[in-house]
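Please find the structures below.
The same chain A turns up in both complexes below, where it pairs with chain B and then with chain C.
== the complex of A and B ==
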């Protein structure tokens, strides 16, 4: 993708939230001094959480957090896309609809009463409606990864996601394997970039960063079976889904 | 003459909230706090989940008070399993909760409220007015986040608290590292808190019911019974007898009332109105210095109460750390077998009383869940305050919208938390 900023001006940036916990924005605020440095290099023109609302017609970069849960939010994300050069999806809600929480959960059968006469519950990733240029995955996003992305955007470089799986990152930290201990860890098939923070803290990977590119679900199911770990039902449905997409 | 004041997507609060006030012939007819964020039906998602997945999911209710949501879910399940958790683990959990409170209070007071007091749009403008203060706030916020990250594994949605205790104990060097920084932070906190005491808030008082946890010896965050300013006192497990929920068609959040249909307030102000005797000495000195006497009856005093709590919790951190560092070994986990049960846990989130309630089957899977968040409890009280506040303002100001925004903000509402719930018809 080719792009450039206008000469001698800072790129105009907006930070938006749809339905989410706003934890990813909190992660950005948690950058503390680094955030102040970043703010010197950008022109933040729209951010409801911070109370920033300037007049502008075009944005260079939009960070969008949260998933689409209503018609209004669908319109909102389309409007944001129209005026933005680079759109970044922040966190698992924006990247995949917060689906890692909903494993084993059939939302299509669910009818709830929602304000405005809406009936069907939905939680869609934003790329169902608009083109997304970059994805920052994870729940919540990783702060260092956010800084890397911003640096790349400012220098007009391409941002690359971590090529490793969570499992490889875990091995690099020399953590004792949780699958060996009999736990259904999803590290081997999950995209890395989080520095394996969950397994490092003795907790299985839940797959909040989505499937890694070379995910071998069959093999993981076999490993689980061989070690006597009950295979979680969502792995089987995930397998079906992946096959149908390939 | 009929007029509706509509405030869309109030800025500088957590989540999406609209606030409408209807005025006819100089009479204020109603005020509606309208949560417009999508309902994330968490209580429905939880059904059928394994007990160990529950804290992971509930923590995702909110990006600001994630720590307390996780801890409350863990405690509720432990109560369902009738589990005794080692005391050291409880102390470390309390430190994580304190880190969450200080972080959330700073975010609310200095990022959200203070720009109002300086009449600017956002904290970015404050940097130009008082850069030193902003840098101090950032430093203290970093410290409180550091407590969560060092003890909890990550800054947002901490990993370490699990059913049965902690997934790993902290190293002694970690505890010493936090302690090392504490003295500097206590000094730093003074000008930060001063800034809030010196700020001017609208004058408006309305007495209501104040509800918070109480253990008659401290300002409890994770335990105690539920007490109200009008003399109610009950165990968390009896909460269903005292609170009723109300569905409003205009809001994706549930609203709560007391059994006698009265509204009530939870949060830092309620905590201190009930427990002010147990503030630490340093916090009491601040009260003396600024001539503050509890109980206070203005919703804007919630800001003052939060500022006092920052000092109080820093002092408490010192005590807990001293206790933990003195120990040879940290006892962090109890083995257990999941079983069928019914567990309630009530805690104090930064924004007030939080209740999680789960029923499990004998494999430890959730069969029923109920969560009452602080903001959902505050919404009705906020509406009534809105009516009275606007009445008092009529004819006195041209910018009612801005003043109402300040009122809503003083409650420190968290709509992500409030708008999360499945509403079965």
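== the complex of A and C ==
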């Protein structure tokens, strides 16, 4: 991937929202003073939440939160991609479909109906329609990680996602294992970088950062079964989804 | 010549630590959420010297921390200023008390890597500034197998002092000059050890050896040829179906030392930190190079890497196996992968 900005100018940046709770952009706003520092290094030209809408042809960086749930959004993400050098998927919705994707899991309790009789075809991650250069995972995103990504983009450096699994981050915090206590925690197959915030606070990992590379879903299902832990229905659906994507 | 064996009452040991805590920072075992962890001891009443098994995370974290800033730098035009963290490390004085013989053995192995094979100033400095006071086990847990890795229940070197509880006292073995000097100023707290105390320790060790020896296992040092021969054994395929690649086994292993190094630069792009962080050979990213190529794509090759490093590559590099039989990886593996079963199956196949 070729990455360079116009010499001596700040990179033009847009922040866009598709179907989501806008929780990821709230994380960015929560950066407060750090956000002001970031704004000194970039030229923010498009951000609905901050009321910014300048005239521009091309973007250096586009941050997109939310998943694609309608034809209109599919068109929108394609348009953003056309005018952008570096496209970043922000948060679980943009990266993997997020919570909205659960409606495709055929779990009756999770059926979603949208207001206004809007036509919905499904909830898709944005990389189903366009090429994504970087993924910033989590629900919501981790704001420190967002700053790391911005720094790497400014330095024209490759952003590396955390290599750790949630499970390995959890043990570094010297926590008692939730699976050992009989809970269906997805820590072993989930990408880390969150510092195991949920298991550390005695909540199971729901996998909001998406599957780790080479995640062994089958083995985790067997482990749960062997230990008499009820297999969460979303884990089975996740497996179906992974197979259908291959 | 210093006396090799002494005794100290439990009470006097606490007195001793109180006095030493004025000069040293004390680290030792304490309870946290049902686990034994080794941490800074601010209040000596929190110190738990007699505990079953071993701590969740091994003492390597005190010498090679999970995340460590090596140095900071500032770039001002053509001038680069560097603040090396080694300067602060050199001022540290620490006592690490209450670690088990398997963990002492693991530090001896890490020394071969970080001091002899390479000279890592950060690890070396921490080792030099830390006094090791070990303690022998009272009982074993079901994942212990130190007898088969020649790393317990007693160690011969790598400690400054080694405690063994005998009734309400501790038998103290002085393992180094540093250890002897440390206690020489506190003569009044110690007594010479009577012969029956030394015999009592021997009996304790014999009973531990007997318990662990009930496992049917070969000595792990003798597995080299068998391992080499079985590189394409079907067991590796089976294990790859079970392994979750979560990397927990690496992080709890007292001899796994792989790390990654990266820079954390501030937003003004002038000031930065060079950071070292533990890495795991179970992660795909471990062998990913700049072009994006991954050398160990298949899970099978990553599982093999860890086991073969312990029993084969380590022998090639530093002359000894690097498994100390602590059994931590067996305890934490969600999939229940057990290095003893792997070794047993390959050994029995011979």
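Side notes on the structure shown:
The definition used in the following text is that the second predicted complex is superposed on the first by the 213 of 246 C-alpha atoms of A that agree within 3 Å, B and C clash if a C-alpha of one lies under 4 Å from a C-alpha of the other, contacts with A are read in each partner's own complex, and residues count from 1 in each chain.
Heads up, the rule we're going with is that a residue touches a chain if its C-beta (ideal position, glycine included) is under 8 Å from a C-beta of that chain, and two chains touch if they have at least 3 such contacts.
Note that the coordinates shown come from a computational prediction; the quantities given were computed from them, not determined experimentally.
Partners chain B and chain C, brought together by superposition on chain A, fit side by side with no clash. Applying the stated contact rule after C-alpha superposition, one finds that A:197 touches chain B and leaves chain C untouched.
Here chain B and chain C are compared by how many residues of chain A each touches, and B touches more.
After the chain A superposition, the centres of chain B and chain C are separated by 110° when viewed from the C-alpha centre of chain A, nearest 10. Touch criterion met: A:51 reaches chain B, while chain C stays clear of it. Contacts of A:231 after superposition: neither chain B nor chain C is touched.
Look at A:32: by the touch rule set out above, it reaches chain B but stays clear of chain C. Contacts of A:189 after superposition on the shared chain: chain C is touched, whereas chain B is not. Within the superposed three-chain model, A:206 lies in touch with chain B and out of touch with chain C [touch as defined at top]. Superposing the two structures on chain A brings chain B to within 12 Å of chain C, judged by their nearest Cα atoms. Common to the chain B and chain C interfaces on chain A is no residue. Residues 34, 37-38, 41, 147-148, 150-151, 154-155, 160, 163-165, 167-168, 171-172, 174-177, 179, 187-189, 212-216, 218-220, 222-223 of chain A touch chain C in their complex. Looking at the complex, you find that chain C touches chain A at residues 32-35, 37, 56-57, 66, 241-248, 250-252, 260, 262, 264-269, 278-280, 283-286, 297, 299, 332, 334-336.
The touching residues of chain A, counted against chain B in their complex, run 17-27, 29-30, 32-33, 36, 39, 44, 47-53, 67, 69-70, 72-73, 98, 101-102, 104-105, 110, 112-115, 121, 123, 139-140, 143, 197-198, 200-203, 206.
Residue ranges of chain B in contact with chain A, taken from their complex: 9, 11-12, 14-16, 34, 36-41, 44-45, 48-49, 56-57, 60-64, 66, 107, 111-112, 115, 121-124, 127, 135, 138-139, 141-142, 145, 153-157, 159-160, 162, 167-168, 249-252, 416, 422-425.
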